[in-house]
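Here the chain labels run A, B, C, D and E in written order, and each chain numbers its own residues starting at 1.
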Amino acid sequence: MITQEPQVAAGTVDVRLEQLTKRFDDVAAVDQLDLDVEHGRFLALLGPSGCGKTTTLRMIGGFEEPTAGRIYLDGKDVVNLPPYKRDVNTVFQSYALFPHLSIFENVAFGLRRKKLRGNELRARVVEALELVGLAGVENRKPRQLSGGQQQRIALARSLVNRPRVLLLDEPLGALDLKLRKEMQLELKRIQHEVGITFIHVTHDQEEAMTMADRIVIMNAGRIEQAGTPDELYEQPKTAFVAGFLGVSNLLDGVLAGPDRVRLGDGTEVSVPAATLAERTGPISIGIRPEKIRLGDEHANRLAGAITETAYIGVSTQYLVDTPAGSVALYVQNDRPGGTGLAVGDSVTLSWDPECTFVIDRTETSE
Amino acid sequence: MTAAAEAAAPIAVPRRRFGAFARRHVLTVFASLSLIYLFVPVAVVIVFGFNNPAGRFNYTWNSFTFQNWLHPFAVPGIQSALEVSIEIALLSSLFATALGTLIALALARYRFAVRGAVNTLIFIPMTTPEIVMGSSLLTLFLNRNVATGFTTILIAHIMFNISYVVVTVKARLAGFDRHLEEAAMDLGATPLVTFRRVTLPLIAPGVVAAGLLAFALSIDDFVITYFNAGATTTFPLFVWGAARVATPPQINVIGTMIFVVAVGGMILNLVWQQARARRGA
Amino acid sequence: MGAIRRRSLAPYLLLAPGIAWLILFFLVPMYYLAITSLQTGSLEVGYTFNWAWNNYREAITTYHTQFFRSIKYAGIATVLALLVSYPLAYWIAFRGGRWKNLFLLLVIAPFFITYLIRTLAWETILADSGPVVGFLRAIHVLGPDGRLLATSVAVVCGITYNFLPFMVLPIYVSLEQFDTRLLDAAHDLYASRTWSFLRVTLPMSLPGVFAGTLLTFIPAVGDFINAQLLGTPSQYMIGNVIQSKFLELTDYPQAAALSFLLMATILAIVLVYARLLGTERLSG
Amino acid sequence: GGGGGIKGAAGTTATTTVNQTLAKSVNFSNWPLYIDYDPKTKRHPSIDQFTKATGVKVNYTEDINDNPTFFGKIEGPLAHGQSIHRDLIVMTDESGFPQRMIGLGWLEKLDKSAIPNIKNLVPAQQHPVWDPDREYSLPWQSGMTGIGYDPTKVGGDITSIKKLLTDPKLKGKITLLTEQGDTMGLAMLANGDDPSHITDATWDRAMKLLQTAVKSGQVRQFTGNDYAPLLAKGDIWACFAWSGDMVQLRIDHPNLKWVVPDEGAMIWNDNMLIPKGGDVFTASTLMNWFYKPSIAAQVADYVNYISPVAGADKILLKSDPAIAKNPLIFPTEAMLAKTHEIDPKSVNNQKYKQQFQHLIGA
Amino acid sequence: MITQEPQVAAGTVDVRLEQLTKRFDDVAAVDQLDLDVEHGRFLALLGPSGCGKTTTLRMIGGFEEPTAGRIYLDGKDVVNLPPYKRDVNTVFQSYALFPHLSIFENVAFGLRRKKLRGNELRARVVEALELVGLAGVENRKPRQLSGGQQQRIALARSLVNRPRVLLLDEPLGALDLKLRKEMQLELKRIQHEVGITFIHVTHDQEEAMTMADRIVIMNAGRIEQAGTPDELYEQPKTAFVAGFLGVSNLLDGVLAGPDRVRLGDGTEVSVPAATLAERTGPISIGIRPEKIRLGDEHANRLAGAITETAYIGVSTQYLVDTPAGSVALYVQNDRPGGTGLAVGDSVTLSWDPECTFVIDRTETSE
């Protein structure tokens, strides 16, 4: 079986990055990164293009050498090991299948280096192909497979080696939406099955949230925030995270009490006291669009007029102009015909104080 | 793949490790040696252009002089030979480039019945020994009672140049977004206008390169010319003849000139292309 | 295609002039070559066509030595060229960085020195009194009065040198297109640098090698300049024979027969070679 | 189709020009360094004088390097009755080509009326076998073919052809000539046979001698005039060589030597010919000019071959006695006695030709 | 102004396709298409990759000739007109900006063909650039612009010619998510402003729904269904449409009354009578995941156990195994901490009969 050897105790740290830094002629692609990845985790590296995700991955894989910092795999410092001596495998965004080799030989490539031959080799390869649901294509050439299939082969080619850690650099980037959704589930299934640690690079936030059990959000080579999907979504610590992970309404305000905030137009709203703990000076409060209701069912209220509506099936999105600023909200179309609201109608918005998060204004560069 | 990416990929890891370090430099040294090997004869040719040979033969170094450069045409016959060569090179590269570009366009732009046959017909001349081409052409002229001379040389040169032009231009057309032409027509440009305003400007570097190549091949050609020159003498033929009785250093001088001009042309084209790239074209 | 394909006459109009030229001055001559090769006669009595297959028999019996010599020299030269070119091309493609094009230019540059002058330069370099011979004598590779000029060594060297660019360029192109991310993948799958090269880089550059060897071998086998200038009658290749038969002895039928044989030989070799290397699989 | 084959002798009946007026210019093709030359003005005095005298401009080109190649060059046009744009060319009798061209009808008859100076032609040259009455040709220069060598390298003199062809000391250090008449002729002399009347037997003997020399690697290569640089460079030590070349060569390399071999030497003529379509009258007038002893002397003084014009030496005795006394230019009776003409039939004998071409490797 | 000349009465048909068919060596890329596009409409051609969208567009533009059928532009049959004689313009997915021409010359290209010169030319070009918010880049080269900017230039280059119809082939395909969303609004704004008929090809259903006022769903070269976004979403006529436009739960069942359907497990549910009108034999009922509630607040009910949950911020997606089949539902996270349900919990699902749609079973090849 491809699954990890049992003795690996859960909770052991498979990958540890210490002050990891990479400069390309004085551009810091990765900047003093500290990160622990525990065994069996499905970790997502999420961030805008150019933030250093690939570089980080390439350093773990051994394709770039760090300018500074250390990399530990299963406790051993591997900075000086070439890729072919590291017990990690990478699934490249471009798949990088060997065009001149058959699918079988592609998948067998790593095993042959490990001196596997004959039946055992064949068995392992077939098993890997079955795992990705592509048994029977052994003799084709990569270019004879569709994008999605090539993707699975790349996966099989890495998994078959039973690495300690699997690195995936936007493995689904090249696939179209439908196929992408399928592969997301597929990947998650496989990871469950083999229990190998996955580090998955993506810049699609939904992908990260559906797949990973832990997300690291990078920006400009640094870690902005790390945590479980809902931690990051419900309690973003910076405007960047709030804006990058889904849409959020940020309203500027000032402290008006232990759990009160006065917004630009003077309206006072209440927020969880915890979020204000030892804060001073200017802040912004944030509310997710789906947390806002039409009507006054909740304690925090704002009045305004609808400036835009967009029907997207599942829900209808409204943009409402309020004295405190313009606010987006999603209303799920859970009854036929939708809400029947149109541009120009004036509405009252309300939301549960508990749903509010707070960030320092200085960062309101969103 | 960007230079950067490629510089990073295979090198990054083992930079620190001696084996690979050595290996890299062994390769570099080897490459440098090869380049030197390629250039020793060139150097000899250039240097001996400044030789003041003892006697008629310019094989051994005697003493340095500028005379040869001051009077490159002092040797009777050399000037007319060079003129003929240049004339033919210009004409043949002009015609060949025109004809070849058209073929390249047809091949890159259309799907038609005889495509395979055409490709083969383009390919074969490049894989036919010059001597066979030269001799077969000669038999044609002999059989059709055509006196060999300037015209027959021109014909031959155009013939063997076409293939090279086609290949060069086709390469350029390969990286050419078909939608550009469609866009032009979409914006009301007739096929002709489209060609003039969009296609041609974009493949220009390829066409120029092809032209230069053709020129170089033509001015350098000996074998095919030798067979079909009749009483006409091109520069290579002159050298051939001269080599038997005397090798005046002027030969090296002219050779060097041609070399400089050709390489210069190539470099200019290169620079021009990179400038275009920077300008975004 | 669309709008353009509508006027499906267009491609043929574009092709017409160039292709006509090639047919008229490449294919038709081949026909006449065939015709001539079956004629008998001389300048004085004129030449008549009479299926003189004897020309071929004679050609073979009289000149097989030159034939095999040509193939031998061309073969050796091709191998040498390959040994020089591959590392060079590899270096330019992978280490050339921003200077790639410049290096490439350097490789082609010697090409622009008139072929004959280039070869004459070798006559200077290899002269018995020259540095090369001196050195070789000093290290006793050559005897005290050993020489390079007028030997097969000189001829092969000349050929190798003259056709080197034909070898470098195709190999360079195939390596240039090579996606180095595949090397990352190979390393990732535990392949050492050597292994990655043997198993990935090399196989994928074979089409270039194939093209290069052909583009070198074919002109080399028909060459006669090098044998003429750097060699002696005992180094003469089939090209020398054809040349003198055509231009000095005016024995056209024999000469034509020889040309035709040369063509046939090359074709045969190329086909065998293609079978061995199975390019369709590689390039495919 | 070309089934009809190439016309040979046919189509060569262009009409002879009979006009007696001088053309504006005349095209004269000759061998390189084969006429007087003034390095300061970079001009040919004898020709300039002709132009001054007659007003006819002479386009003098040195595009003849060896007979077969030049013949190959011009036979295409001539075979089709087309002009080769030359009025006067110079080819060697022993190459057999002049005889062939007469046979092919590719030459114009001289206009003797325009050549009164023909009387200066030395008697020995007046009735060659292949053009008994000099209807088509006049000698330009003559030369002897013997042994040229570098005593310092050879270590002494070498005066025997046999020795040259066999002495292991010279292995790979000698060259022979691509000119069939010369090489075969000397070989026959080496065998003690008469090159002027060749039989299959004598031919075969000579062939065998040469073949062994080539096989053994004694012969480095066969050359046109290009033995000269090799000899000068020291790449070869001894060779079959033309007297005139050697005179030239010795100016720069006085250490070199040329001898009439003990077995004897070959003598030959380069002849002025008027190819079909050439301007007979003007060309003849030019020939006449070069048969003025003064001009002939001027030319001989520079080219140092043997002048066929009687009286040239007398003139030179005053201007340049060294030359006049040089046996390579004005050979002694003794030397001339040892020289032989090649049998022209042999040169155009296809079988012999084949064999010789095969010998020299083509 | 770029807007259409006034005299064009609304409701006139700008584009009419009749039995339009295109075969590529016996692959029917487009198969007997019939379509009317009224003036001023924003029509989206939506369909999976390879369904014939581009080909249809290219035939309208004149880049492919139909194998059969007719194309009318403003009433005139244009099948035999070359592209440069048709009063339509195309925005290519790759933008196809002329790299060797300045932005100005790119935009001016079409006008120059129409012999415009001097001030009028300049005025029109500048106006077009202002329309797309890029005044001032006239002298740059395309390469010097970002993807989004290039996209706008391509748009300007087409609009400046005031075509009767504008064809857009996945104009946003090359842009990243954030930019894409911006350009969607931008495009819609511009179309409003100029009032030109847009035919917009995409395979992103959300894009189609937010932008178009009319959507045509294609599949394998044929039209599956055409209508307004909510028509298509709420009342899909085929399993394909139901599946392609968002997720939907299809449950097999049989008629059990004028407005009743018996599901596989025997549960009876009620559906709008209209949807069953003149139906017989096997059918499937469909419910959108967001229409389904946890709990029994609605008439139609099903009990089951949760088999999968996915938190995607805005909402949490549950997969519930019921006797009638597995059912997906979205619960909007409109209160902090989400619903707190986990895999294995058993739940009751309910939905409003009005939200149910019905399709013939034969097509349940989803």
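What to note about this one:
In this text, a contact is a pair of C-beta atoms (placed from the backbone, for glycine too) under 8 Å apart; a residue touches a chain by one contact, two chains touch by 3 or more.
The structure displayed is predicted, hence computed values, not measured ones.
Separation of subunit B from subunit C in touch steps, taking the shortest path, is 1.
Averaging the CA coordinates per chain and comparing them to the mean over all protein CA atoms picks out B as nearest.
Remark: among chain pairs C-D and A-C, C-D carries the greater number of C-beta contacts.
Computed centre separation for the pair subunit A/subunit B is 54 angstrom, with centres defined by C-alpha atoms.
In whole angstrom, the spacing between the mean C-alpha positions of subunit C and subunit E is 58.
Subunit B and subunit E have CA centres that are 54 Å apart. The geometric centre of subunit A is 92 Å away from that of subunit D, both derived from CA atoms. Annotation for subunit D: residues 2, 5-7, 69, 73, 79, 233 touch two or more other chains.
Among all residues of subunit C, those that touch two or more other chains are 1-3, 5, 32, 35-36, 127, 129, 179, 181, 184, 187, 243, 246-247, 252.
Shown for subunit E are the residues that touch two or more other chains, namely 62-63, 82-83. For subunit B in complex with subunit C, the touching residues are 1, 3, 5-7, 9-10, 13-14, 20, 23-24, 27-28, 30-31, 34-35, 37-42, 44-45, 48, 59-60, 99-100, 102-103, 105-106, 109-112, 118, 121-122, 124-133, 135-140, 142-143, 155-156, 158-159, 162-163, 166, 181-182, 185, 191, 216, 219-223, 226-227, 235-236, 239-240, 243, 247, 251-252, 255-256, 258-259, 262-263, 266-267, 270. Per the touch definition, subunit B reaches subunit E in the complex via residues 177, 179-180, 182-190, 193, 197-198, 201-202, 276, 279-281. Only residues 58, 61-63, 82-85, 89-90, 92, 94, 96-100, 109-110, 113-114, 157-158, 161 of subunit A touch subunit C when the two sit together in their complex. Chain contact summary for the complex, subunit D toward subunit B: residues 2, 5-7, 11, 31-33, 42, 60-63, 65-66, 69, 73-74, 76-77, 79-80, 82, 84-86, 223-226, 228-229, 232-233, 248-249, 251-253. Within the complex formed with subunit A, the subunit C residues making contact are 179, 181-182, 184-192, 195, 199-200, 203-204, 282.
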